[in-house]
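Across the two complexes that follow, subunit A remains constant while its partner is subunit B and subsequently subunit C.
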Partner chain A sequence: MTDPALVRSSAAAPWGAAADERVRPAGARKRRRQLWSYLFVVPAVLGMGFGFVFPLVTVVRNSFYAGSFYKLSFVGFDNYRFIFGDDVFIRSLTNNFRLLLTVPFMTIVALLVAVILNDGIRGWKVYRSSIFLPYILPAAGIGLTFSVFLQFNGGLNTFLRSVGLSSIAADWLGSQTWAIWSVGGVVVWQQLGFGVVVFLAALLSLPPEVTEAARIDGASWWQLQTKIHVPQIRTAIEFFMVTEAITVLSWVFTYVYVLTLGGPGNSSSVMEFYIWKNGFAQGSVGLANAAAVVVLLIASVLIAIYLRLRARPDAGARL
Partner chain B sequence: MKISGLASIPRHVLLAILTVASLAPLIFMVLTSVKSPDEYEQNPAGLPHTVTFSNYVHALVDLPTLTWALNSLLVTVISVAISTVAGAMAAYAISFGTFRGRTPLLMGSIAAIMVPPVVLVVPMFVTMVNLKLINNLGSVILFYSCLLIPFSIFFLYNFFRTVPSELVEAAVVDGAGPLRTLWSVVMPLAKPALVTVGVVNAIWAWNELLIALVFLQDERSRTLMAGLTLLQGRYVTNQPLVLAVATLSILPVAAFYLLSQRAFVRGLTAGIGK
Partner chain C sequence: MSTPTIAVAPLSTVETPSRRKRKQPLRSALIFLSMVLIAIVMLYPFYFMVDTSLQSNDQFLHGGGHSLDSWSSLNSALPWGRQMVNSGIVCAFAIVVILIVSSLAGFSFAKLQFRMSTFVLLGVVAAMLIPVQSIIIPVYVNVAHLHLLNTYVGAVIVYAALGTPFATFLMTAYYRSIPDDVIEAGIIDGLSYSKVFLRVALPLSVPALITITVLQFIQIWDDLLVGLLFLQNPEQRTITVALGALAAGRTTDVPVLMAGSIMSAVPAIAVYLVFQRFLINGLTAGIGK
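What follows is the complex of A and B.
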C-alpha cells in the first residue's frame, strides 16, 4: 500500500502530496499543501502581533510624544533629553548596571555547586531540589517575606544580634547605600538555583568517556573540572549569563516594588520602576515610553546573543 | 565518582549552608505567619511560643484572599490553555508544514521569550482601556496568553521535531488530515512536553505581578500577587497577617513544584546544549 515514491514526496510536505496528486492541477496542489500550515500559525501570529509587535511599534513611536494617555503631542527627542538629564533615571540605569555584578557572582557559585553535585555526592538530589526551590516561587511573595525579614528589627538582624554580630546588622532596606544591594541579594537568592540546575543538566549530559579518559591520564579533580568539564558546558554558561543579564537589567520590577518601592529617596530605583512610576503613578507617559525604549535597546543586544545561543542547530536536542 | 580534590566534608558544609540559606526565609515566613502581631513584636526571629492560626482565618474570612486566589487560578488556567493550543498548532506547522515565514516565526518566538514585559505594558494599558477591559480579568488573560505563546512554540517545536516523520507520514497515508494527525498521533506522544510547557507557563502566570498590578486596579478584581502587594501597604503593623497571605500565595507553587519537578527542570534547561 505504501508506494515508496509517495512516502518520499510526502516526507517534505505530508499533506497535499496525497494520493490524488495526479489528478490535481499543479497550482491547486501547491496551494492546498500550504494552506493548513498558514491556518495553523494564524492564532499564534495574531497573538504575537497583538502582544509583542503592536506594543513594540507603539512604544517606539510614542516615545517621541508627550502628554496624557489620550492626548499626545509630538515633541521629538525631548523625552530622551529629559530622562538623560534626570538624576532619578540615571540612578535607575546605574542601579540596573550595579545589579549586573550579581551575574558573575551567581555564575561562579552555581558552577561550583553544580560540579560538586555532579560528583554524585550523597543526597545531591535533595540539595538540588532545595537550592532550586526559590527560583520558581513568586517574586512578590518572596520579596514581601524579605521586606519583613530584612527590616531593621526584623528576623535577620535579630538573629545577627543574638549571635553577637550586631556590628553587621545594617538597615538593609532603609539605607541609601544598602537598599539596591539588598535587592541584588534577593535576586541572587532566587536565581542561583536556576544556574545550578542549568549547569548540572549540562554536566550530566556530558559523555562519561572523556571524564574516564582524563582520569586514567591522572587528571586531578581540579584539572578535571577546569580543563574538561567546564569548557564542555560553555554554551550552558553563556546561556545562563545572558539570561541573568537580561533578568537583572529588565525583569526586576517585582523585587524593587515589593522590597523598597525604589526608596529610600529613589536610591534603589531601577529603569522598570522608573517606567512604572512615570507611566502609572505620575502620568508622565512620554517619559515612561522613552525609558521603555532605552530598556528595549539594552535588552535587544542581549536578546540577539540569546537568540544566537538558543537557535543553534544542536540546541534543544536534549529533552 | 569519588574524587578527592575537595574533601567530602567541606563540600557537604558548602551545600548545607546553601540549603539552609535557600530555606531560611521560607521558614521565617511560615513561622511568622503563625505568630500573633504582639508576639512578632517581641520575638521576630525565634520559634513561636504560641502557635496561632488567627492570621490565616483573618486572611481567608475578612480579606478577599480567596477571591484573589480564584482570580489567579482562572487567569492561569485559561491563559495556559490558550497559549498551549496556539503554540502547539504553530509549532506543528513549523515542524511538519511548509509556509513562507517559517524561520522568521521560529526566530521571532525565541527572541520574544526574553522581551521584557515592562517595555510592552504602557501601550497595552492604553489598548486595554480602549477595549474597556481594565479591572476585568479578561485583560490579563488576553495579554498573558499572547506573552506565553513564544515559549510554547519554541519548546513544543523542539519536541515535535524529534517525532519520527514516518509516524506522521503513516497517518497521512491512512488519510488523516493535519488536525487529526496532530491530535491523535503527535499530541499523545508529546504528553511529557505538553506537561512541561503547561507547568512552566502556569507558574509564570501565577507569579506575574507588573501586568496584573497595572491592569487590575480595583481591589476585588486583583490576582493574588497584586492583592498581596495591596496588603503590604495596608497592614504595615501586622506583618504576620501579610506573611500568612504570602504563605498562601507560595504554597500552591511549592506543592506544584514538588509534584512536577522533573517536568520543570526539563522545561527550563531545554535547548541549551552543553
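What follows is the complex of A and C.
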C-alpha cells in the first residue's frame, strides 16, 4: 500500500523540517482513512447482520426447537428425524434434484443459441431481446399464464392436438408424474435468456485473431465452436451453471406456488415450498427451520464452488 | 463438413474478422429454422396471454370471439392502480436505501480497504447467493417484534437488506475499475474522504447506480415471497402479490387473470426496454470475461 502522497513527501526530504511536517499528516491520513472505511461500511454490515447473519444463526439454533414463532421448546434432533422420515420432505428434496437436471439442458440450449447469434445472424439483437424478455417478467405472471397454458384443455395441448400429436398431450400440471417437470420447463423457459445473454457477452469479448487463425488453419464451423469458442468461455459457462443450480434449488418458490401449489398431492413440492407450508401455513416452525438448514447446507456447497470460480484470473469482476 | 480448400484460402484483407462470409445454404437454412422454432417457443406464451385476455370468460371456455370484457372488469378483480402505487412506493424507498448503503460500502471495499475487508466482502458475495426462503422465518419474527408487519417500512427494510449484497458487489467491482489516482488526487487537493466520495466517486459511478436501480426495480417489482409474508393487507399489497393471491384463490375467470398478468408485467417490460444496456451489463458483470 504505497500512498502516493507519502512517496511525494519523502521525495521532498532535502527540505528537512518542512518534509517532516509533511510526512506526519500522511500517517494520520492512513488512520483517518481506516476510520472512514469503517464508517462507510457500517450501514451495509448492519443491514447484512439484520438480513443474513442473525437469521442464519437463529435458523440453525431454532432447528433444534419446536413450537410457534414466539414460544419454543428444545427437542434436540427430533425435527431432523421427523423431516427425513416425512415422505413430503423426501419428495420435495428429490424434486429439487430433479430440477437440477434442467441446468445442463438449459446450458446446452443457451450455448447453441449464443453461438449461432455470435455468428452474425441478421437481427441478432432482436433475437437476444426476445429470448431475454421472459427473464425480467414477474414469475407470478409467468406462472399464472402457464398454469392456464398447461391445463389439460389449455393452449399447449390444443396446439399439440391440432398438429396431430394428441398422443403426447398430457395433463401437464394435474398429473403426479408431470407436474414437477412442467415447473422445470417453465423455469427453463424463463432462465434461458439469461444464459444466452451471458454467453453471448463472453463470446463477443473473445479476441478475433484466435478465431481467424483457426479459420485459416481450416477449422470447420463445428470445430471452431467446440474447440475454439466454447473452451474460451469456460468460466462463464461454469458460473452460469452454478448460478442456475442455486436458482433451481432455492428460487423456484413462486413457480410452484402459482403453478401447482405443490400439488397434486404434494407431488410437485420443493424444499422452499415445504419450508413455507410448514412455517407459515401450518405453523410447524421447527420443521421449517430444520428443512431450511438442509437447504442451506446444500446451497453452501454450491456457494463454495462459486467463490472458487471467482478466484480465477479470468473471472469478470474480481474480488 | 470441413472443406480442405479453406486451408489455402488467401488471407484477404477485406474479410471481417469475426463474422463468417462463406455461407453454406443447408446450414443457413437449418440455423434459420432452429431460430424460428426458438422464437416461437419463447414468444408463443406472450401471444397466448394477450389473446386470452381479449376474450370474455364465456368466449374463453367455449371458444371463439374476442371482447374487452376482461379488461373492463380487471379493476374490480385487481385494483391495479392502487397496487401499482404500492409497488412503486416500496420499490422507490428500498432502492434509495440500497443505493446509499451499497455505494458507501462499495467505495470502502474498493478504495479505502479496512482490515479484514476481503473477508467481509467474501461474506457479501456468499450472502447474495443464500436462499432467501431459508432465512426468512427469523426475519419475519424480527419484523413482527418491531411491529412493522404489514407496513411499507417493514417491507422496505426487508427488501433493502436482501438487495444490498448484490448491489454492494456491483459497486465494489465498479469502484475497482476507477483508478486509485483519481481518488488520491482528490485527497491531495485537500478534500476529506466523505467529500471525495460525494464529489468525485459518486458522480463517476452513475452508470453503476443506474444498473443497480434497474436490477433492483425488476427484482422487487417481480417478487412474490417477501410481499406475500410482509404485506398481507389488501390495502398495502403490491401488484405481484395481489396477482399471486388472485391466482391462489383459483379465480375461474382466466381472461381477467391474463389481463392482470399483462398489467403487472408492463412496468418491468418498459424499464427493460429503456434500460436494456444497463441491465445486461449488470447481469454479466459478475460472470466470466
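Throughout what follows, the second predicted complex is superposed on the first by the 281 of 319 C-alpha atoms of A that agree within 3 Å, B and C clash if a C-alpha of one lies under 4 Å from a C-alpha of the other, contacts with A are read in each partner's own complex, and residues count from 1 in each chain.
In this text, contacts are C-beta pairs under 8 Å (C-beta built on N, C-alpha and C of every residue); 3 or more make two chains touch, one makes a residue touch a chain.
All figures in this text were calculated on a predicted structure; none of them were measured in a lab.
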| task | Using the overlay on subunit A, decide if subunit B and subunit C clash or can fit next to each other. | result | clash
| Touching partner for A:V163 - first (subunit B), second (subunit C), both, neither | neither
| query | Looking at the overlay, does A:G218 come into contact with subunit B only (first), subunit C only (second), both, or neither? | reply | second
| Now for A:A311: first (subunit B), second (subunit C), both, or neither, which partner does it touch? | first
| note | Residues on subunit A touched by both subunit B and subunit C 1, 33-34, 36-38, 40-41, 43-45, 47-48, 50-52, 54-56, 58-59, 62, 69, 112-113, 116, 118-121, 127, 129-134, 136-142, 144-149, 155, 189, 192-194, 197-198, 201-202, 205-206, 211, 215, 220-222, 233, 235-236, 239, 243, 246, 250-251, 253-254, 257-258, 271-272, 275-276, 279-280, 285, 288-289, 292-293, 295-296, 299, 302-303, 306-307, 310, 314-319
| Contact footprint of subunit B on subunit A as seen in their complex | 1-2, 6-7, 10-15, 18, 33-34, 36-38, 40-41, 43-45, 47-48, 50-52, 54-56, 58-59, 62, 69, 112-113, 116-122, 126-127, 129-134, 136-142, 144-149, 153-156, 158-159, 162, 189, 192-194, 197-198, 201-202, 205-206, 211, 215, 220-222, 224-225, 232-236, 239, 243, 246, 250-251, 253-254, 257-258, 271-272, 275-276, 279-280, 285, 288-289, 292-293, 295-296, 299, 302-304, 306-307, 309-312, 314-319
| Contact set on subunit C toward subunit A in their complex | 1-4, 6-7, 9, 11, 17-20, 27, 31, 34-35, 38-39, 41-46, 48-49, 52, 100-102, 104-105, 107-109, 112-115, 117-118, 120-127, 129-142, 144, 157-158, 160-162, 164-165, 168-170, 172-173, 176, 181, 184, 187-188, 193-194, 197, 218, 221-222, 224-225, 229, 240-241, 243-244, 247-248, 254, 257-258, 260-262, 264-265, 268-269, 271-272, 276, 279-280, 283-289
| message | Going by the contact rule set out above, which residues of subunit A touch subunit C in the complex? | response | 1, 3-5, 8, 29, 32-34, 36-38, 40-41, 43-45, 47-48, 50-52, 54-56, 58-59, 62, 69-70, 112-113, 116, 118-121, 127, 129-134, 136-149, 155, 189, 192-194, 197-198, 201-202, 205-206, 208-209, 211-212, 215-223, 233, 235-237, 239-240, 243, 246, 249-251, 253-254, 257-258, 261, 271-272, 275-276, 279-280, 285, 288-289, 292-293, 295-296, 299, 302-303, 306-307, 310, 314-319
| said: Touching residues of subunit B toward subunit A in the complex: what are they? | reply: 1-6, 8, 11-12, 14-15, 18-19, 21-23, 25-26, 28-29, 32, 44-45, 82-83, 85-87, 89-90, 92-94, 96-100, 105-112, 114-127, 129, 142-143, 145-147, 149-150, 153-154, 158-159, 162, 165, 168-170, 172-173, 175, 177-179, 181, 192-193, 203, 206-207, 209-210, 213-214, 225, 228-229, 232, 239, 242-243, 246-247, 249-250, 253-254, 257-258, 261, 264-266, 268-274
